[in-house]
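Below you'll find a set of structures to go through.
Below, chain A partners chain B and then partners chain C, in two separate complexes.
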Partner chain A sequence: MKINMIPLIKREIKLSISNLGLVISYSSFFLLSLLIFTFGVGPDIKQLNTVYIPIIWIIMLFAIILISDNFLLSDFQDGSLKELQYLGYSEESIILSKTIVMYLILIIPHFFLIPVFSIFYDISFNNLVQLSLDIVVGMPSLILISLIASLLTIQIKRNKVLQFIIIMPFYVPIIIFTTSNNESILYSSFDLNKILILIGFFLITLPITLLIGKLILNEINK
Partner chain B sequence: MMFKFANPNKFVKISELLFPYFNILFLISFIYGLYLSFFNSPPDYLQGETVRIMYIHVPCAWFSLMLYSSIAICSFFSLVFRHTLADIAIRAIAPLGASFTIATLITGSIWGKPTWGTWWVWDARLTSELVLLFLYVGIISLSNAFEQKSKGDKYAAILSLVGIVNLPIIKWSVDWWNTLHQPASISKFSSPSIDTIMLVPLFVMTLSFLFLSLNIIIIRIKSEIIQRKIDILNSSKIN
Partner chain C sequence: MILEIISINLSRNKKIIFKNFSLKAKSKEIITLIGRNGSGKTTLLELVVGVLQPESGSIKINNINIREIGEHKKKQFIYLPYKDALKEDLTISENLLIWANLANIVLNQELFKKSLEYFSLYKIKDVVVGKLSQGQKKKISLTKLLLKKCSLWILDEPFNSLDKESMEILKKLFLSHKKNDGVVLLASHIDINIKNKIKIFLKPPKKSLVKTNTIDNWEELR
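And now, the complex of A and B:
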């Protein structure tokens, strides 16, 4: 069983670079959702400033669920997933390499999107740093959970709604903890506990996703 | 020993033997439980007569969690030992568990209005129970989403194993967070705890719910076994 992930990561990066439309779609979805939320909440900047954290996390969550299929579905449809397994790569390394590349690809647009977001919602510099750190640390957990949903529904046609139904409950704890820092917004203080909790979530979701991913990939190839 | 009884044909034979007894036990415990709940237990000094909703609400909540745990155990047996009866049991139990969860939410709402003054609060216990309902919905949808039943069974088993992380959150949510929902008070060792005069009808009602659940699960498993036999016959006809 090959555990060298470098070729896998290289392959995934090459595929993602050849499909840069994905990043553009992700960024467009992000900005358009911001617009919709702003229309929904109202243009009052003070009000928007108090609800920006849930808004950004909800948008990210939906965007990641919608985009996660692109990292798996095409590989499943053209047989690459099977091929990688026959080549001797462990299921865990396939899932992990996809997670790493998905993270790298999706985190890049945030370097541009979050500053734009902070202007729209009048976010202070300290809160912006906190938000950016939260996203950097919290995003892997969102990606890992979305990969479980994609793997579970990969063989079902018209699976989008089902994907949302089965995976939403698992996002609840992460959303609770990522959006629960009203005090630090008020006082613009840095919340280390939240970062630690998000790291904790990552350490829980990582082995679960790898284990579940292995089980599902084995099931798919039966 | 366990696998000997887990054979579908053997299960049908044993369940046919037990089914009438479970039915009788359900009827007796349900009627007796209702009598105790309405005529032999006092109204609460604060909540008045509305406290009687507890005799339905609490067993429903217990069974919503217990049935999910049994689904998770079946999932483990399905994935590790690849046992068909475990797959069938997951399909049979999930809708029942979802029904108990819905009943818990509805009765809780009815109880909440006179007690808390609102039908719903985004309290940790209530929210986690709602999340449990969505987990059940996910399992039911996923198991029925595949053309091949066996695939749906396996994927539903995987999903239910992942979902087990929600059970401790529901169970201890009232202890971990400062919530409107009261902490558990059934245990006689904890303080404050429920009075025996209310505890007895609660346990009798729980017993009746247990026999009701067993009856429904037996019926559903038997019908699923028959359905699978019909499917096999149909597919052999086509071939």
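And now, the complex of A and C:
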């Protein structure tokens, strides 16, 4: 099947721009959760500095799960998901275009949020660069998995609990590697291996999630 | 032959929905699928547009198997499902332009204006869809028929939510499409009075398999 994803991507961008509340709720969820963690851990900046990586990744994971429903559930409810299919777009291209636009839309707030992290957690410049790169490379895998989770929610009749039980294990390897506090990071040197591992995870996640997504979409139509 | 359904079989939840069901539609025909809720009208339309796959048998549009049409589906037919696939946050124009872009239609201003005027939508083209009535939303969906030039129109409950006047306008549109060698295949739970249409009655599937929408139990009237 010939895949022309440009109209799909244009559509998703247009819809996302018209619904800027998504980016605002993502950013505010992020910021508020960071604040709560900061108050929870206490004012000790040294302690905060040692735990900031898992805190940021876990908040990001929940924020993405929270937002991903808006990219698929509304399309399912108003019939757009089926419309895209009978217009000839493959299931893979629908999921991929949503992933690309969700990534583009959600990565933008990080340019503003990352400097805020650094103030909250006293992150050095080198660590900040490493964290930013980790987010840029690790985020697509999280988005792909969360989109599959949203599709599962539709398939299993909007049972959010089941979604978490089924999909959570898939996040675990990514979270383990993104939150690993390697010695190289503590000594403020750039960790290329971590980036390569995250790229590897993305390359594994991409075909698997596209295949699962296609199967779920076909199942939803039945 | 524009549309050819050849001996399709489909079962769902252990019930046979279609058993050796065949249907042929030539140009200048209006075919209405009439039946109670759950009789398989929408399922048949979704089989025709390729969202669902029959267990056996084939469906051809302009002599090409629906499975092989792929992205060219866009050019072969227009399908207006029961759900209008409209985005509530966008205006009428924006919704139609996004759809046109997805369907690979190059719109000119004049055609766009005329199409909107046909269902009295031009004056409210910049109104957000969320603020419109169900009837107006249906009209937006029906405007797509005027924007895209193709011979086969497939419509699911097109008369729903329309007032009497709009129903008459739509009937006239069907007749003019028929005159121009087009085919209209529509599903409706109401028997609408249109001249020289072909009626096909679909019966709901029985509890355990045997008598369903076989070719013997649809009635043809001209």
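Basically, the second predicted complex is superposed on the first by the 214 of 222 C-alpha atoms of A that agree within 3 Å, B and C clash if a C-alpha of one lies under 4 Å from a C-alpha of the other, contacts with A are read in each partner's own complex, and residues count from 1 in each chain.
The rule is simple: contacts are C-beta pairs under 8 Å (C-beta built on N, C-alpha and C of every residue); 3 or more make two chains touch, one makes a residue touch a chain.
These numbers come from a predicted model, not from an experiment.
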Notebook entry, point to check: Does chain B (first) or chain C (second) touch A:38, or do both, or does neither?
Noted result: neither
Next item on the list: Tell me which partner A:87 touches in the superposition: chain B (first), chain C (second), both or neither.
Entry: second
Next item on the list: Give one of first, second, both or neither to describe whether A:8 is in contact with chain B, with chain C, with both, or with none.
Entry: second
Check: Counting only touches as set out at the top, which of chain B and chain C does A:132 meet: first, second, both, neither?
Finding: neither
Next item on the list: Applying the touch criterion given at the start, work out whether A:19 contacts chain B, chain C, both or neither, answering first, second, both or neither.
Entry: second
Check: Touching A:148, do we find chain B (first), chain C (second), both, or neither?
Finding: first
Next item on the list: Answer with first, second, both or neither: which of chain B and chain C does A:165 touch in the superposed model?
Entry: first
Next item on the list: Have a look at where A:216 lands relative to chain B and chain C in the superposition and call it first, second, both or neither.
Entry: first
Next item on the list: Please name which positions on chain B make contact with chain A in the complex.
Entry: 79, 127, 131-132, 134-135, 137-139, 141-142, 145-146, 151, 154-155, 158-159, 161-163, 165-166, 169
Check: What part of chain C is in contact with chain A in the complex they form?
Finding: 12, 46, 49-52, 69-74, 79, 81-90, 94, 98-99, 101-104
Note to self: Show me the residue ranges of chain A that touch chain C in the complex, using the header's touch definition.
What the structure shows: 1-4, 7-8, 10-11, 14-15, 18-19, 78-80, 82-89, 221-222
Next item on the list: Over in the complex, which chain A residues touch chain B? Could you list them?
Entry: 148, 152-153, 155-156, 159, 162, 165-170, 172-173, 204, 208, 212, 215-216, 219
